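Sending over a structure as structure tokens; questions will come in a sec.
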Amino acid sequence: SLQTKPLVLGTTDKITVLDPAKTYDFYTWEVFQNIGEGLLKYKPGTTELIPGIAKSYEVSPDGLEYTFKLREGLKFTDGYPLNAAAVKWSIDRVMKLDLDPSWLVSAFVERVEVVDTYTVKFVLKEPVSFFPALVATTPYTPVSPKSFPEDKVAEPTVGHYGPYRIKKWTRDVQLVLEANPDYYGSPPKSRLFVVKFYKNAATMRLALETGEIDVAWKSLRPIDIRDLKAKGKQKVLEVPGPYIRYIVCRCNKPPFDDVRLRRAIAAAIDRARICQEAYKGTVKPLYSMVPMGMWGHIDAFKQEYGERNLELARKILTEAGYSKDNPFNIEFWYTPTHYGDLEADVAAVIKESLEETGMIKIDLKSAEWATYAAEYLTAGVMPIFLLGWYPDYIDPDDYTSVFLHSEWSPDMGVFYSNPEMDRLLDKARTEIGIEKRTQLYEKIQKLMAEEAPVIPLFQGVLTAATQPNVKGVVLDPVMLLRYYLIYKE
Amino acid sequence: MASLRVYVIRRVLVAIPMIFILLGIVFFIMRVVGDPVSAILGGHAPQEQIERIKEQLGLNKPILFQFFDYLGQLLRGDLGRSLIWGQRPVISEIWDHFPATLELSICAFLVSILVGIFTGIIAATNFGRFFDHAFRLYGIITYGLFIPWIGIMLQLIFGVYLGVLPIGGRIGTLMEPETITGLYVLDSLLTLNMESFISAIRHLILPSLTLGIYLSGIYTRLTRTHLIEVLNKDFIKSAWARGLPKRTVIFKHALKNAFIPILTMMGLQFALLLVGAVLTEITFSWPGMGTLLFERITYRDFTTVQGIIVFFALIVITVSLLVDVIYAYIDPRIRY
Amino acid sequence: MKYSISRFIVSNIIKNIFPRKGTEYFVLVGFILVLLIILMAIFAPFIAPYDPIKKVGEILERPSGKFLLGTDGLGRDVLSRIIFGARTAVLVTFLAVSISLSFGVLLGLLSGYTGGKFDTVFSLVMDAMYSFPGLILAIVLAAMLGPGILNTAMAIAVIYTPTYFRMVRGLVLSLKESLFVEAARAIGAKDRTIVFKYIFPNVISSIPIVLSLNAADAVLTLAALSFLGLGLPAPTPDWGFDLRAGHAYLASRIWWPSTFPGLMIVILTLGFSLLGEGLNEILNPELRR
Amino acid sequence: MKNLLTIQDLRVYYYLREGAVRAVDGVSFFMKRGETVGLVGESGSGKSTLGLSILKLVSSPGKIVSGKILFNGNDIAGWNEKKMRLLRGSRISMVFQDPMTSLNPLMRIEEHLVETIRTHQKIPKAEAKKKASLLLNEVGIPPERGGDYPHQFSGGMRQRIGIALAIALNPDLLIADEFTSSLDVIVQFQILNLMKKLKASHQMGLIFISHDISLVSEIADRIALMYAGQIVEFAPADIFFSEPLHPYSEGLLNSVPNIELSDQKLNYIPGMPPDLVRPPDGCRFYPRCPYGEDICRRKEPPLVQIEKEHMVKCFRYDGKKSRT
Amino acid sequence: MERKVELKVVNLKKYFPVQKSFLERLLSGKIEYVQAVNRISFEVRRGEVFGLVGESGCGKTTTGRLITRLIEPTEGKIIFKGEDVTFIQGERLREFRKYVQIIFQNPYASLNPRMRIGEATAHPLEIHGIATGERKKKMVFEMLEKVGLEPAKKFYDLYPFELSGGQRQRVAIARAMILNPELVVADEPISMIDVSLRAKILELMLMLKEERNLTYVFITHDLAVAKYISDWIGIMYLGEIVEIGRKEQIFSTPYHPYTKALLSAIPVPDPKREKKDIKLKGEVPSSINPPSGCRFHPRCSFAKDKCSNLKPSLKMVDKDHYVACHLY
């Protein structure tokens, strides 16, 4: 019944909610990159922003007003015109609904004004250096007032505008996309694109091997990646992604209100072993919260402690009054239900590597994700625990302020507060000009390594495995796969 | 048949208190062990926000009122909305997943019944001899099998080593038949879509075998005991004494009578079928109710979990009702 | 009286422990399997070749002379893990069964003997719970209670209490109507005497059967909860959990981390079921067929 | 006149783990066309087993070990299942004790009859139905109730239906196993009368199995008294009741209260019947026998013929009626 | 010589609901009653045996259980030695149990399978605090020997399942007699015992009666047995007593058509006896909706119009001989 054989991509992720005002997870954002488009977008393969629905934009000298000129004559897939009014309506809707991702708009944008049919102006609350990056995020994606209700979350399959449009969507089973004939740009490389949702990575891998799917994307297990590489029948593409994992120390209460203990942990942790043993080398050790590949990154923790320094750790612990006979006893928490099956392994390796000091005694504790994230984390129940971070927008700010700024760090369970740090972060946020900001972030990272409220562990690696004839899989730090570039030869 | 109709009506009436009790149990267990507000907000929300949500959800009222509110809601067919993501109505989440579970359950049920009754008959008619012992053992062993383990073993053999059958999912890419009943096998037959039909069957084989084998042991045992019991009854002796052929005696007289207690047990075992289906679904990534339940529990999607349980409860009651009615239909003694 | 019941049971077991015919091997085999696993649990530290929660070899090594059943995804010895896993299984099963047994039997006796409204309501509730798919309740309970030995045991116990309740209540009801209880009343026995001297001894003899069949169910339920990650916290060796961890390596044809823990679950369950079946034959000779 | 049925030295054992239960152990007797043999004995003496073995329906673990069953002159002991099937229900039929359970609860009684008739006679359904109504009428059930289920009938009526089923094909021999013992006396009386009537009109032989010796006396022409798997006395009914020879016969008759007698002195037989797995070596009745002598303990007494049709299994008689 | 009245039953009635539980009632939509015993009255005199005869299901056992206060009557009075015991409870009921005992029909079910013979027999002594320790044991041994369970020492330690039916019934008798009761209700005590042993049990019961001047209510469905053991006989039909009289009167001059039918239906071990015919139609109707008027009228060949409307009451036809029938 199908004239063209579709390109099939498998993933173990899922579409949570197909509404830009509500969705706040990476995978659904990826879908919006393909069925929708922001005013600005990233050039594939880079972190460089290029025009999207907007042809161009201007910033007022005070950095408070951004004026976008839209492309003309665009239509949503429900036929409704995509103009300045629709953009304003969409942004207003996000702010009014006030759901999970809305802070990405409402924290920065004062209001949106329609200047003329194709010109729209964003008035900011205060200058934000990374506003264009924000504009490229999903909450800024315009949707059609015809298909989306103004006052509640909805998941229509029409009313978007992007290279693809939805042909059929069976939740948790598959998403069938077809080329959007009204798209301004070059049409997608594959006319028909199917995303198959898997619950189980092993199944997905077998599907790849049997040729049922063309691309396996987020997330094959390390062991499968190793196997596939070894077999060599499929292509395996890897690139460091902006996804990071780290340890959080609860800084406001004993024992980790004592900076020495945090430093001891930071020194004793064995990143290499975690990457090798739990992840079979599919992730990379990380020495700063700002991920590798992002401007401003320095290996701050390596500079401070070296790759691993057991001696230093023992020294600090001795200073803090611990010894082999009087070890530092601590509960270490992790969650088995959110970060994949390997989390327990990660925790076990951490336990071993810390206990190698001979002066630390770890009691591993776990809680399922809802309790972990919704209750324990913010209530400060867990003295030290594992967490992970996917960025909201691609800027060092998103990797630092949230953890280190006294205003937000309680939300992340860090409870860290340092006026000097707050000052540096605030400055870096508003400063325009990449040089100055780079310097600021280097300072921030150094201070972070000294104080070690959070201890970076490793950076995720983006891996996609494809059939040999598949081309156009562009993996980039933005982490959102552009389906419209993929095709089969 | 008027009396049968009256019986059915009465039986339905009797089911009502059962429904209340089950709903009550579900409701109170969920209230006792879970806190929906913190599930929605996370533990650190300010007090006034907690109060606001409580009021929105009616959680500030006494628990009995809450229960009656909840019942009222249920009567309108409203199971509430999911707490996460799109906050979709729970009922649509359920309808999305239920056909998959239904399809799997039906197939597994058929497998288990066919295998179970067949082996049971052989065991009973060979009472005390080799096949009897062998199938008794079969019954005990299968009952002790752990579904995920059988599943994984089958996946290893047929999916990984032989590579002949898929080990997950319901159907091949873009092969879904047009939705009529939601059961792929049936829909593809109705729309004469052979490609879909084959794919659906191929995907069904391993999960239904897993669940079917597990359940078949119970039917082996049931069939065996009840058939032996019936075969020892005077009316069977009397049937032999009248010179009726073996086929008639075993199938027409014995099996039909043995079927009545088996049917009752089927009703009771239905819960086991559901339990098995949950585990099978998770092992085979089958997009059904079990997978949904498991996913939502890990996200603490309180209302969806409650909705699913209520739905299961209603199914259980409906099935036991159905069983009783079929029972009354088969057995003339039951009709009052 | 205590003596008499135990003598009755024990003498019957001894009489049957060396079976002469087909199905009577059931109880012997079941008994041996269960005993072996209990011994394994008790003496785990002496039997296990390695520390079950330490990396002792390369990851995912095939079974070999060094690691008889290979290593798991973290380089831990699979054999040692399943040996220690017996502890978890035995302990949780024991706890769960004891809890549900005590509650179920007590409530069943009370409810059955007193009768009346209390009984009606109670047995309706228990029936409802019984008819409900148990594992699903257990999943919800376990998820809400969080991981841990006692919590898991509680979640399992809750769903099996109705089994005992129903059995005991049913027995009590029929015993209450039985002629020998009526005879006891005719000689002027008080209620308490009737319950403890006439009803209870007759109830207790059926308990071993249900108990071992239930233990089989409890093992499966525990395995299921662990398989779903709702059982004990890692890195406690736990068959269900290890089975699930092993499931990940399926596509790589790495079968040993999943096959063996699963096999242990099956063996222990089988042991309990065989024991239950056998006891059933021994203690209820009239049901023998 | 030729014998309808002759049983010679029949042995039927149940093979249990404890050993073989010798339920029928060397039984011989005969009956003529149209006669009634009353098979009497206490519970467990092997009456039902004997009855069933005539149809070769002894259920596992029971087996016919040896002996002859001559029916109309043919030894059916050696017949295969297929041949036996044709015999059952048509030439020899059987009525069972419990009218509650001897009919299939899920089948209308008419279906029972039609099924039986059509198993043995290839006639159209309608004709079989007509025959069924006639039969019901004959046993005193209104034929219009043919469409009812067994549970809708009372015990007596069900037993009548059982009889209708048994005589449906005009058998030569009817075996009735305790078929009135669950009925009340008055109904029992009615059924017994019906049986007598049918027996006469159908020219059937009847083996009437019962533990109630008084009841047997009402219908039997000959009495076969069983004790522990053996026939200890076989005699014409009037002789048996007036002059019982075997000590067991004597004891039994004396232990039954008789409503006709006033100031009856009841007797009883001490002890209990033997275990049929390990019966006593000599005479099986020896342990309970008031006249037991040494020889009785050592040797099994033969079944001796006293008169032409009177046999007794006791050393006290030696081919004559007088005691030796 | 007129003996003292030991037990008097007046208009005793017992209805059992058919639908026992709430759910059953809901399922069938109505409440029906089994009219098991319907206004029966009789007297039993000290030292005599009152035989209660009737067909299966006519309410004999129910009457026995009512008399021994094992179930509560729906209506009516039970007077034991001049005292109204219909509703006594607690200690007084326990005291009553010392004097009134019952032996059940089924010896396989009336003994606790988990209790040794000795314990079972001794239990009444313990309950009523009559004897303990060695004295108790001695009394039990004596009793066991008296009922013929010799050697008592051996039987003392056996379990019921190790005994035959006759032996079990002896245990039941021993247990009933050990308290030295005055009135014993024997509910078909021999019907489940082998024919050859029945006479022995009857003899034992008669011996005990003579020895202790006991009063028996002897329930049986077998007129021949009743004739053998009783002084008085009451004929029951469908929950009602249709005829009462001294044994000789019942057998020589039965009045009620039902009694007559019963008498002629009883088989007699004598093939030469001339067979009488009985003019009786049908079978016993259900006691849930019993016939109106005289409950026997649908089967009676002498029934008149009156019989279907009016319930006949017991009328004296001779001295000590009562009949409930419109014919007289």
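The first chain written gets the first letter, and so on, giving A, B, C, D and E; residue counts start at 1 in each chain.
Following the convention adopted for this analysis, a contact is a pair of C-beta atoms (placed from the backbone, for glycine too) under 8 Å apart; a residue touches a chain by one contact, two chains touch by 3 or more.
Just so we're clear, the structure is a prediction, and the values are computed from it rather than from any experiment.
Trainee: Based on which chains touch which, give the shortest step count from chain A to chain E.
Mentor: Shortest path length, in steps: 2.
Trainee: Shortest hop count from chain B to chain E along touching chains?
Mentor: Shortest path length, in steps: 1.
Trainee: Computing the C-alpha centre of each chain, which chain sits at the greatest distance from chain E?
Mentor: A
Trainee: Measuring centre to centre with CA averages, how many angstrom lie between chain A and chain C?
Mentor: 46
Trainee: Using the average of all C-alpha atoms in each chain as its centre, how far is it in Å between chain B and chain C?
Mentor: For chain B versus chain C, the centre distance works out to 23 Å.
Trainee: Using mean CA coordinates as chain centres, what's the chain A-chain D distance in Å?
Mentor: Going by mean C-alpha positions, chain A sits 90 Å from chain D.
Trainee: Please report how many Å separate the Cα centroid of chain D from that of chain E, as a whole number.
Mentor: Taking the mean C-alpha position of each chain, the two centres sit 33 Å apart.
Trainee: Among the residues of chain E, pick out those that touch two or more other chains and give their numbers.
Mentor: none
Trainee: Which chain B residues reach two or more other chains?
Mentor: Within chain B, the residues that touch at least two other chains are 127, 159-160, 167, 282, 298, 300.
Trainee: Could you say which residues in chain A touch two or more other chains, in rising order?
Mentor: As it turns out, chain A has residues touching two or more other chains at 200, 202-203, 206, 337, 368, 371.
Trainee: Pairs of chains that touch, anyone?
Mentor: Chains touch in the following pairs: A-B, A-C, B-C, B-D, B-E, C-E, D-E.
Trainee: Report the residues of chain D in contact with chain E in the complex, numbered from low to high.
Mentor: Against chain E, chain D makes touches at 42-43, 154-157, 184-190, 211-215, 217-218, 220, 237-238, 241-242, 251-253, 255-260, 264, 266-270, 272-273.
Trainee: If we count contacts the way the header does, which residues on chain E are in touch with chain B in the complex?
Mentor: 23, 26-29
Trainee: Residues of chain A touching chain B in their complex?
Mentor: Chain A reaches chain B through residues 2, 6, 8, 16-19, 22-23, 153, 155, 170-174, 176, 194, 196, 198-200, 202-203, 206-207, 210, 212-213, 337-338, 368-371, 373-379, 410-411.
Trainee: Residue numbers of chain E touching chain C in their complex, please.
Mentor: Residues in contact with chain C: 21-22, 65, 68, 70, 93-94, 97-98, 101-102, 104, 106, 109-116, 119, 123-124, 127-128, 159, 172, 175-176, 179.
Trainee: Quick check on the complex: what are the chain D residues that touch chain B?
Mentor: Touching chain B from chain D are residues 52, 55, 57, 59-61, 85-90, 93-94, 96-98, 101-107, 115-116, 119-120, 149, 151, 162, 165.
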